[in-house]
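Structures for review follow.
The following pair of complexes shares a single chain, chain A, combined with chain B in the former and chain C in the latter.
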Partner chain A sequence: MSREQEREPLWREEVSIFAADESYVGRRQFAKFLVLTSLGMFAGNLWLLAKSLLRRPAPRLPAVPVARLDELPVGGVKAFSYPGPNDPCLLVRYAPDRWAAYSQKCTHLSCAVYYAAESRRLACPCHHGFFAVEDGRVLQGPPPRPLPRIALERRGDRLVAVGVDLQGGEEARA
Partner chain B sequence: MHGYEFYVDPSRCIGCQACVNACAECDTHRGVPMIHVDYVDRSSSIATVPTVCMHCDDPTCAQVCPADAIKKGADGIVHTSLKPRCVACSNCVLACPFGVPRMFVAAEQMMKCDMCYDRTSAGLRPMCATVCPSQALAYVAPETIARERREVPTNVFWFGNERVTTKVFYMVPPGTAEVRVDVVDFMWEEA
Partner chain C sequence: MRRQGPLYPPQRQALTAIDGAIALLAVLLVVQIWLLTAALEGFLAGHHRVALPAAIVSGVLFAGCWALYRLIAGLDRRGRR
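Coming up: the complex of A and B.
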């Protein structure tokens, strides 16, 4: 084969028209790849583990007054922002002595949820996702997680937002 | 391979088409000949030329194949396209300077002469060379051709400024080292 051995582009070396020049991955090379990749993933997991163990506790969120106790009628809703100005939330008085506050962003695709008072559910109009107003759990539709719940405290005649529970959770009593 | 080389001598071709029919009998491509016999200028001459794959050292057909379907083996044989890879684009048909590859539209695959790889790799002669009555197609040892022929073999071709070297030899008049073809000279034009 009188072919000039000049420097060829990589694709030409890897996909040669000469059957003798074709190089397949060897057993040793493949084993090396497996070992190194596994080591890399192991090291990455160690790093993630260390990071989660060494994580500092999240700073306490500010306590922000949301509403007076007599401000909302039963079934009434008040929109507010917590903890930042770009985190829209809903406060719902769904029973005479029950209040609950949730992030307004649907956990599916972040559409704004609203309170459907007649069915006592938080509804997302985009893809018909429904959340329970008592604890924010998913009742129906595509949302993968419960709505983040805003922790409320009763201070005097005011409801104060004091934290965010991303997992959703217990019924918020106030 | 087994000490034999392929020699094509168009001056010996009598146009009998025996090679075409022998080729078509092969089981690897039954009924379809991979060799063709062309009339050079039928209105004024009885000259005919058999065309087999010349098995270029640097095969243009494989170079232009976008699907990596044409492979040249270590023994110098440029194989027919690999069926799972060929995309029937006809690049090879257009690129081959000798006009060898053929596109079989029904099969969506290019097929070409592979010098009867099933036979020559086992030491047998190609079908066309076994049946050629005038030995315009000869598969013999180099000493044999040097002893029995007046013409000399060459495997260097110039197509314009493109130099092509091949595994298959062409018989040319003594004193000729290479074949020069300017394609424009052979293009049909109104007299």
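Coming up: the complex of A and C.
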């Protein structure tokens, strides 16, 4: 008798009428379910990998003048929009020769952050999240990521926004 | 010929081994679920470099799950003989 003929038909293996076999069938079916779930997780990771490999390059962003160098006093703040009109940002002059610009949307739930000059931090009033004004990193509270930073360039006596740095993620520049 | 009555000691041993393998399989699966969640979180945050190592590790975990399933199938076949 060949090995193929020795094997039980599939339905006999899967639907046992013998009580002694029942516990085997149940466990094997459960193990099969777990392995298929594992395959699903692997497929999900492959999908993420494919999306990462096939993603489009970051779009080129326009260069937009934000402020004159002497426009803001130390500790002063100017609101502007970049790269689009619906992307509110803050320009902060936090030292005599230091400027920084960030997206105004908190990375927690997109509340508008403001500059707290007395503590030199960017603060989100909704859930008391705080960001460092120097680099936008999270200092305290629930925000999971740093604030997206607006890349600035000095062109003559003007500060020009030239890109957005998601701080560890994609960067788009003019 | 299949037995219809209660389980004999060798069958019980095989069942215990299968239970152990299933527990290990569940642990691997929980790690894999966590890995996918972390990779997705990183991907949505713009960290595209995490996708490749996450996919490799997930593949290794799946291979482990598959090997455990083959082990369970083997024990199952021997135990029901």
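Please note the rule applied: the second predicted complex is superposed on the first by the 119 of 174 C-alpha atoms of A that agree within 3 Å, B and C clash if a C-alpha of one lies under 4 Å from a C-alpha of the other, contacts with A are read in each partner's own complex, and residues count from 1 in each chain.
Please note the rule applied: a contact is a pair of C-beta atoms (placed from the backbone, for glycine too) under 8 Å apart; a residue touches a chain by one contact, two chains touch by 3 or more.
Since this is a predicted model, take the numbers as computed values, not measurements.
J.: Of the two partner chains, chain B (first) and chain C (second), which one does A:A79 touch, if any: first, second, both, or neither?
T.: In the superposed model, A:A79 contacts neither chain B nor chain C.
J.: Which holds for A:V15: it touches chain B only (first), chain C only (second), both, or neither?
T.: Only chain B is touched by A:V15; chain C is not.
J.: Looking only at contacts as defined up top, I'd like to know whether chain B or chain C touches more of chain A.
T.: Counting residues of chain A touched by each partner, the higher count goes to C.
J.: Looking at A:R27 after the superposition, I want to know if it touches chain B, chain C, both of them or none. Which is it: first, second, both, neither?
T.: Once the two structures are laid over each other on A, A:R27 reaches chain C alone.
J.: Quick check on the superposed pair: does A:A116 touch chain B, chain C, both, or neither? Answer first, second, both or neither.
T.: Neither partner.
J.: Of the residues on chain A, which ones does chain B touch that chain C also touches?
T.: Dual-contact residues (chain A): 18-20.
J.: Give every residue of chain A touching chain B within the complex, in rising order.
T.: 1-3, 15, 17-20
J.: Okay, in this complex, where on chain A does chain C touch?
T.: For this pair, the touching residues of chain A are 18-21, 23-24, 27-28, 30-32, 34-35, 37-39, 41-42, 44-46, 48-49, 51-53, 55, 144-145, 166, 168-170.
J.: Tell me, which parts of chain C touch chain A in their complex?
T.: 2-7, 11, 14-15, 18-19, 21-22, 25-26, 28-29, 32-33, 35-36, 39-40, 43, 45-49, 51-52, 54-55, 58-59, 61-62, 65-66, 68-69, 72-73, 76, 79-80
J.: If we count contacts the way the header does, which residues on chain B are in touch with chain A in the complex?
T.: 57-59, 62-63, 65, 68, 70-74, 76, 165
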